[in-house]
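Following this message is one structure expressed as structure tokens.
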Amino acid sequence: MRLTRKYRFSASHRLHASQLSARENQTLYGKCNNPFGHGHDYVLEVSVRGPVDEATGLLINTRVLDRLVGDIVLKQFDHANLNTQVEAFQTLVPTTENLASHIAGLLRGEWKTAFPLGAKLEKIRLRETGRNTFEFVLSEHELQ
Amino acid sequence: MRLTRKYRFSASHRLHASQLSARENQTLYGKCNNPFGHGHDYVLEVSVRGPVDEATGLLINTRVLDRLVGDIVLKQFDHANLNTQVEAFQTLVPTTENLASHIAGLLRGEWKTAFPLGAKLEKIRLRETGRNTFEFVLSEHELQ
Amino acid sequence: MRLTRKYRFSASHRLHASQLSARENQTLYGKCNNPFGHGHDYVLEVSVRGPVDEATGLLINTRVLDRLVGDIVLKQFDHANLNTQVEAFQTLVPTTENLASHIAGLLRGEWKTAFPLGAKLEKIRLRETGRNTFEFVLSEHELQ
Amino acid sequence: MRLTRKYRFSASHRLHASQLSARENQTLYGKCNNPFGHGHDYVLEVSVRGPVDEATGLLINTRVLDRLVGDIVLKQFDHANLNTQVEAFQTLVPTTENLASHIAGLLRGEWKTAFPLGAKLEKIRLRETGRNTFEFVLSEHELQ
Amino acid sequence: MRLTRKYRFSASHRLHASQLSARENQTLYGKCNNPFGHGHDYVLEVSVRGPVDEATGLLINTRVLDRLVGDIVLKQFDHANLNTQVEAFQTLVPTTENLASHIAGLLRGEWKTAFPLGAKLEKIRLRETGRNTFEFVLSEHELQ
Amino acid sequence: MRLTRKYRFSASHRLHASQLSARENQTLYGKCNNPFGHGHDYVLEVSVRGPVDEATGLLINTRVLDRLVGDIVLKQFDHANLNTQVEAFQTLVPTTENLASHIAGLLRGEWKTAFPLGAKLEKIRLRETGRNTFEFVLSEHELQ
């Protein structure tokens, strides 16, 4: 059984790779390279896989998941400027690809503490706009 | 080729595990433990996998699928109270997890009669609200 | 300027008019007359009209609206059985028409206390399912 | 006949009223007062009213509308920081209320040049997130 | 009280005005002028206004509306080629503007027979794609 | 990392299998067999899998993907009649199953030229209407 639960956060960012010249940045990222930044309403989907508890009929307690995602993702990213307010993106370019990997890493780091039994973190999906969605699927040996 | 076809039904339920105390039920299920029940508009997605027929260009005849889902799922669950009107949920807690497994079992039981050739039932997805989606993926040896 | 803000709640109900015979109820409401009830995920939209405050750039403080709708609508209706748990629907049939009027009345009753200046309650929209939406538009003299 | 046509743009902003103290700003705008800004994917709907041309069956040529909205709205606002890159918001707080009025004013200023005959600009709707929508309805004498 | 109910149909059409030259048609309608036609999945919303019946709590019986829309709109337009299979569009260009007016006229013609009491047809909304929506609002004296 | 990017096109088609009799076609395809055709607004999702470039933080340059999909899919299919204007469907029935396979084949043929490094075409998803979605998943050895 797999549960996918949806969260939302709004953030601003600017795409600019320090290893590239100003012109290369402009060509590569287009309007996303605007030095003053711009913003998105991200939709984050967290997918969890595991057995259903026979007594309760539940895969996980979604309040535990909400607290985990709230504490380590939403509190930090919602209504934030990713470039200046999230440490990881002072070196990494805050593309949605990097944002998805980063969120997956944050969740993996705390997963076993929050869910010691059974339920595994399987996939992170991050929708940037209606057109682009990024998925970070944990490999079998990463599944915790 | 995989076809995913969408169905909808509305039902009411109450989450209450008979093995837990009143207080434990209240803590675990929160408002969903309300003794008078509450309701949802479920979205059911049925995914079928198989080869495309060369003459017709179709994976399956969707009218056969509609009849199957109508007869063994919608007729029983739509506009019903799951706890009192569906036999399985007189012992099982009618969480969406259990509802998804139960629907998968019902479809598997009749699948080969409805689709003797080729098309296999691969996955059941049940959306409870806009926030939570449950998937029951049949394992390779269950694929019929 | 008009602001429309969206809320959601899930509830169960049964449609049954006490003035009609069992057969008339069955003919009129069809599956919605099921004695065990069924449920929906309602979407409530509250529309407010008024001038924009020059200093703050806001029409209303949405936290005040959230508290009002939370206190007098969601707390009572979310995850409830409308027939047995909402007093008004012990005599009125809990159709979405009546539910929309009832919610409009509840909001009107507290509106001036919550929003003494400027902003008027203009419209209530209640979406029952993806197919049916009901709107209760306050007449000009009802606008408070 | 009324046509409503949808456009999208992404922008970042910070809500901060210069007439209020730091604490008042924080209380009023909450996370939206974050000094580093945050962002949204706005949906802009432009509603036009008028007679249908008998020969062509069209209310307006949507390419003319697209060019107008592109030139005076999207070019300036898409992937921009509203506070620093849009002149009007150096004095006005860039709330969605003010953004909607401002866009309505920009479109009204150019409307008669773009659509000298018949079709009138009737309404601007701006969706900030899935929860909040703002409408600026032109009064009858403003309809141009 | 106003009820808005949603219907869907798929149709193909070609936009070509007989009073214009081939080049003018090409310039005006662009790809929609393709002589082989193209198609859309239309969403039709019918809005009805009136008092709520006290005994039943209903504005109208939606099954009567479904039958009316089914008989005079969907049966004729669903899975049809508008240019060749709908008589009105052998002279009128099948733009969504004309399609909306035509559907409003068809519904008005049968309205009083279907709904002799109270409920009035108020508005027809036709969504052509996610971007364009057309509304035909009946004037007060047309309201039947 | 997997990126899924969405495209839209509108087309008309008629389902008719040359190997079947008129009556068999009518029974099998129902209204979709209408000789004058009908149409849909298709949503195409292209899924790409691969490593994220460390310098740019991107999986692929989406402008390259847009150009590829534009050139070999949208230019040919958007606002077209599939039966008469797409060569492949002069022999194949233009069901969504066949359309999805055909588009997958077109993209695979040009993939290595457009994306010589890393990113692989993994999946094509084609949504015909809100109810039916078809997926063509490339097998491991087809992944290019």
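Order as written gives the chain letters A, B, C, D, E and F; numbering starts at 1 within each chain.
The rule we apply is simple: a contact is a pair of C-beta atoms (placed from the backbone, for glycine too) under 8 Å apart; a residue touches a chain by one contact, two chains touch by 3 or more.
Note that the structure is a prediction, hence the values are computed from the model and not measured.
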Required steps from subunit A to subunit D (each step between touching chains, minimum): 1
Interchain centroid distance [CA atoms averaged], subunit A/subunit B, Å: 29
Approximate Å spacing (C-alpha centroids) for the pair subunit A, subunit C: 35
Where subunit C touches two or more other chains, by residue: 130
Pairs of chains in contact (touch as defined earlier), listed by label: A-B, A-D, A-F, B-C, B-F, C-D, C-E, D-E, E-F
Residue ranges of subunit F in contact with subunit E within the complex: 8, 10-13, 31-32, 34, 36-41, 78-81, 84-85, 129-130
Touch list for subunit B against partner subunit F, complex: 1-6, 52, 55-59, 61-63
Subunit C - residues contacting subunit E, complex: 15, 17, 19-20, 28, 30, 92-95, 97-98, 100-101, 130-137
